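As C-alpha cells, here come the structures.
Here subunit A shows up in two complexes: once beside subunit B, once beside subunit C.
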Partner chain A sequence: MNSSMAETETQTQDVGSILSRVPAAVGQGVIAVLEHSAGLAMLTAQTVVAAARPRRYYGALVAQAYDMGVRSLPVVVLVAALSGAVTSQQSGYQFTGTVPIWIIGSIVAASVLTELGPVITALVLVGRIGARIGAELGTMVVTEQVDALRAVGRDPIEQLVVPRVLAGTLVLPPLVAIADFVAIGAGWAGAVITLPITTSEFVYGVRSYYHDFALWFGLIKAAVFGATITFIGCYIGMKARGGAEGVGRTTTAVVVSGTVAIMFWDAVLARLLKAFG
Partner chain B sequence: MIDIRGLSKRFGNKVILNDVSLCVREGGTLALFGPSGTGKSVLLKHIIGLLDPDAGDVIVDGVSITKATHRQLNQVRQRVGYVFQGAALFDSLTVGENIRLGMDIDGCRHAATECEMRVAECLRLVNLDPATAWMYPIELSGGMQKRVAIARAFAGHQRYLLYDEPTTGLDPENAYIISKLIEKLRREIGVTSIIVTHDLENAYRVADHIALLYEAKIRFVGTVEEFRNSDDAVVRRFTSPSQALAELVPV
Partner chain C sequence: MARRSKKLELWIGLLAIVATVVTFWGYYWLTGQPLGERGYHVYAVLPNAAGLSRGSQVQMSGVEVGVVRNVELVGAGRVVVRVWIQRSLQIPRDSRILVEAVGVFGDKVVRLQPGAAADPAADGDTLGVAVSSGLMDLAGTLGEKAETLLDQLDKLMADSTIDQVHGTVAALPGTVRGVERLVRENSGEFAALSRSLRETAETLNSRLASDEIDQALADIEATAARLAEVSEDFKDAADRLASIAEKIDNGEGTLGLMVNDSALYYDLRDATRSLTSLTQDIQQNPGRYIKLSVF
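== the complex of A and B ==
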C-alpha cells in the first residue's frame, strides 16, 4: 500500500517534470529544424557551385552511377515485379461485376507510372544507396579522410558530394523506367493467370489510361527522389561525429529522414505537377 | 614562413588555444611538444584552415589563412604537406593513388611512367617496398600506413611540411629512418616544417627550435640548446621526465 502510494507520487512528479521540460524541448526542436534548414541550404549552394567543373569529378561520377544503377537493378526489379503483381490482384478483387474488366489494366498502369514505380523504387534505394553514402562519408569524416582531402587542396564537396548527387539524379529515372516496365509486365502476368481477363483486354486498359504526361510525371519525380536520397546521405554523412557509434547513428538518420523526405516530395510534387498538367 | 598570430580556439566552453603565437622562419624546423590532449593537433589544423580560429590568424607563405579565398586556400594547401596523426589514408584508393593525390591537383600532369617512378621513389624514401603501391591501406600495418602518409605529404615536393607525431608507433629502426628523412628534406629541399612529437631524440636531431604548448599557451619557445638547459619546471618534465616527475608524482 505504502509502496503504491509512493509510486503514484513519483509518477505525478514525473509528469510534472516532463511537462516542465516541454517548452525547452520544443525550443530545441525549433533550433534543430532551423539549423538543419540552414545546413541543407548551405550544402545545396556549395554543391551547385562545385558542380561547375565536371572534368574534376567525371571519373567519380561514372563510378558512382555504375554502382548505383547497375548494382541496384536486381532489388529494384524484384520489388517492382512484386508490387505490380499485388496491384493487379488487389484491383481484381475490388472491381468485379458492373465495372468492365479491362479497367484493371488502367489501374495498374496509372498506379505504377505515377506512384508505385517512383515511390517504391525510391524507398528501396533510401536503404540501398542513401544509407551507404551516409556510412561511407561518415567514416571518411571520423577517420579524417575528408580533412586529408582538403589538405591536398581538393574540395570534398566537389569530389564526394557532387558525383554522388549527380549520379543519383541521373540514374533514378532510367531505374524507375525499368521498374515501371517490369511492374506493368508483372501486373499483366498476375492478371491473366488469376483473373478472368485476357491479354488484349489488359492491354486495352493500359492504353486507354496511358498518356505521356503520366510517364514524364513519374520520371521527373524519380529524378527529384534520386537527388533527395543522395543529398540526404551526403548531408548527414558529412555531419558525422565520434567514431563507429556516430557512423551507426548516421545510417539510421539517413533511412528515417530519407523515407520522410520521399513521402513529403511525393505529396508536394503531386500538387505541383498537376497544376502544370 | 609560417606565422601564427594570436590564435585562440575553444570547443564549447573548453579553451584549447589561448592567444598562441609562433613563427617558423623559411627553411626552419620547429618541434612542438606538449602533453596529450593540449591541442597540438588542433593548432596544426589551423595552419591549413581545416579549423577556423575564434580569434587570430595564420600567415603561410604570405597568405592569410582566415582571409584567403577558396582558391588561394587550395593553392596554399598544395604547397603544404600534412601528415595526419592517424595517417588518414583514403581507404578506397591504393597506396600509389594516395601518394599521387599528394602530387598534383588534377592527379598527375606528368607522363604516367614519370608518376609511377616518383611514387616508387617516395615509397623507397620511407623504407617501403615500391610494390606496396598496389596494395590498399587496410592491408598495411599502422606503422606502414603512417609512412605512406608521410610519402603522400612530400610526394609533390611540398615546401612546407606539418608532421603530426610522425614517429609515434614506429619501431626504433623506422623511427630513425623517418627522422633522417625529415632532416634530408630540410637540407636538400629547404623545407619549412613543424613537427609535433613526443620523441626527444628525434626533435634534437631535426629541429632548430622547440616550442612547448601547455595549458592552451606557449609555455616555452627557443633553440634546442635553450630548451635543453631550461630550468622551467614544466619544460624539465619533457627534457628529463624521470627526474622532474619523480619530484612531482609521489608514488
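== the complex of A and C ==
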C-alpha cells in the first residue's frame, strides 16, 4: 500500500517535472533569442560607429580584403565552374527532347545569376572565412588578447570587427561577379561538349532569360552575405569561452549559424527579386 | 609593413579591376550588345508592350540588329519603347516596329519593317507601329477551331451515342457466332460455289481466248453502225414530223385549216346533228322518204 502510494507520488512528480521543464526550455530559448538579438544590435551599433574612423583600421581592412578576396578566388572559381557545369548537365538530362534545347542556357543563367553564384560562393566563404574569423577572434578572447587591446586603449570592435565586416561586404560582390561568369562559361562548355546544343542556342537561351535586375540582385545578395558571414564570425568569436575546446565550439557555431543565416537571407531576399525582378 | 600593405593593395586592386571588367563585359554580352559597338536609339509608342522587356532582341529580316533598352509605361495604353540599333544599319525614317512572339514560350522580339523613305532614321526618332498578326492571333484561331471540334466531340460522345456503341459492341459476339455458324453449316455449299466460280472463270478465259469473241465483237460493231444509220433516218423523220406539226399549228394546209378553223368544227357539228336528226326521222317515218311501188 505504501509502495503504491510512493509510486504514484513519483509519477506525479515526473509529470510535474516535465510540465515545468517545457515552459522553462521555451523561456530559456526566448531569453537566448533576446540576448543574441540585443548582442547583435549592440555589436551592429558599435561597428557602425567604429567604421566612421577608417584611418584606424585601414591596414587591417586591406589585409582582410586580400585574405578574403584574392586568396579565396581560386576556390571560388573552382566551385563556380563545377556548379555551372553540373547545372547545365543536370538540366540537359532533364530537358533534352522535351523542350527547346536553348532552355538550358536560360536555366544556367537564371540559376547562376540569382542563386548559385551568390549562395555557393557565400557557403564556400562561410567555411573558409567565417570559420577562420570565429577561431581567430575566439582564440584572441580566450587568451585575453582582446582584453589586452582594451588595456592599451584600443577598441577591439574598431581593430577586429570593422575591418573584417567591411572587407567581407566589399569583397563578396566582385568574387560573385567573377563566379557568375565563370559558372556561365563552364555551363556553356559543359553543354556544348556533352549535349546536343550549339553555342548560338545556348547564348540565345542565356539572353532570353537575362534581365538587368538578376545581375544586380545577385551582387546585392553577395554584399549582404559577405556582411552576414563576417558579422556572425565576429559576434560568435567575441563570445568564445572555455579555452581550446571553446574555440572549437565557436568555429562550429560560426559555420552552422552562418550557413543557416545565408539560407535565411536567401529566402528573404528572394521576395525582393519577385517584387522588383 | 608598408611594403606588404602596398603589395596587398595591388592584389586587391587587380581583383577589383578583373571583377569590374568581367561584370561590364558580361553585362554587354548578356544584353546582346557588343561591347564598344556604336549605335543609335529610336522610340516607338505602343498601346500594349505584350510582355516586351529590356534586353529583348531587335531583328530585321530575322537577323539580330539591336536590343530593347527600355520599356516604360507612361499612361494608360501608352508604352514607350526605346530601341538601340547598331550604327552600321541605317533604316528608312518611315520604318515601323512590330512586337512579335517567337518560340514555344512566346518570347517577345521587336521586328523592324523597313519603309520606303529615302532619308534614314536618326537618333531619337519615333517610329510607327505595325499591327501584329502573331502567335496569339493564331492561337485564338486555333482555339476557336478547337472549340468547334470539342463541341462536335461532345455531340459524338453523347449518352445516346455511347449507348448505341455499347449495344453494337454487345451484339458483336452474337453476330460473330452467327457468322461462324453460317460458315460452318454452309461450308460445303461455299466450296461448291467456289468450284463453280472457278469453272466459270476458266470457261470465260477459254472463250475469251477463242476467235468467237472477236467475231461477236465485229458483229456488234457492225450492228452498232447500222443502228447509227437508222438513228439518222429516225432523226430525219422526226424533223419532218416536227415541220408538219409546225405547219399544222400555224394553220397551213388542209389539216392546219381543219385543226385551227373553229368555224369548220361548228359547221361539222351542226351537220352531224342534222344528219342524226335526219336519220332518226327516216327511222321513224320511212315512208316519208322511201316510196315502194311494185307496179
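The definition used in the following text is that the second predicted complex is superposed on the first by the 253 of 277 C-alpha atoms of A that agree within 3 Å, B and C clash if a C-alpha of one lies under 4 Å from a C-alpha of the other, contacts with A are read in each partner's own complex, and residues count from 1 in each chain.
Just so we're on the same page, contacts are C-beta pairs under 8 Å (C-beta built on N, C-alpha and C of every residue); 3 or more make two chains touch, one makes a residue touch a chain.
Everything quoted here is computed from the prediction, not taken from an experiment.
Undergrad: After superposition on the shared chain, which partner residues are touched by A:245: those of subunit B (first), subunit C (second), both, or neither?
TA: Once the two structures are laid over each other on A, A:245 reaches no partner at all.
Undergrad: Scan A:56 for contacts with subunit B and subunit C and give back first, second, both or neither.
TA: The first partner, subunit B, only.
Undergrad: Scan A:14 for contacts with subunit B and subunit C and give back first, second, both or neither.
TA: Neither subunit B nor subunit C is touched by A:14.
Undergrad: Taking the superposition as given, does A:35 touch the first partner, subunit B, the second, subunit C, both, or neither?
TA: A:35: touches no partner chain.
Undergrad: After superposition on the shared chain, which partner residues are touched by A:152: those of subunit B (first), subunit C (second), both, or neither?
TA: Once the two structures are laid over each other on A, A:152 reaches subunit B alone.
Undergrad: Between subunit C and subunit B, which one touches more residues of subunit A when both complexes sit on the common chain A?
TA: More residues of subunit A are touched by C.
Undergrad: From the superposed pair, tell me which subunit A residues show up as contacts to subunit B and also as contacts to subunit C.
TA: Shared contact residues on subunit A: none.
Undergrad: Using the touch definition up top, name the residues of subunit C that touch subunit A in the complex.
TA: 1, 5, 8-9, 11-12, 14-16, 18-20, 22-23, 25-27, 30-32, 53-55, 57, 103-105, 107
Undergrad: In their complex, what parts of subunit A are in touch with subunit B?
TA: Of all residues in subunit A, those touching subunit B are 55-56, 140, 143-145, 147-155.
Undergrad: How about subunit B: which of its residues touch subunit A in the complex?
TA: 45, 48-50, 70, 74-75, 77-78, 80, 82, 84, 86, 88-91, 101-102, 105-106, 152
Undergrad: Spell out the residues on subunit A that touch subunit C in their complex, using ranges where they run on.
TA: 59, 62-63, 65-66, 69-70, 73, 99-100, 109, 171, 173-175, 177-178, 180-181, 184, 206-208, 210-212, 215, 219
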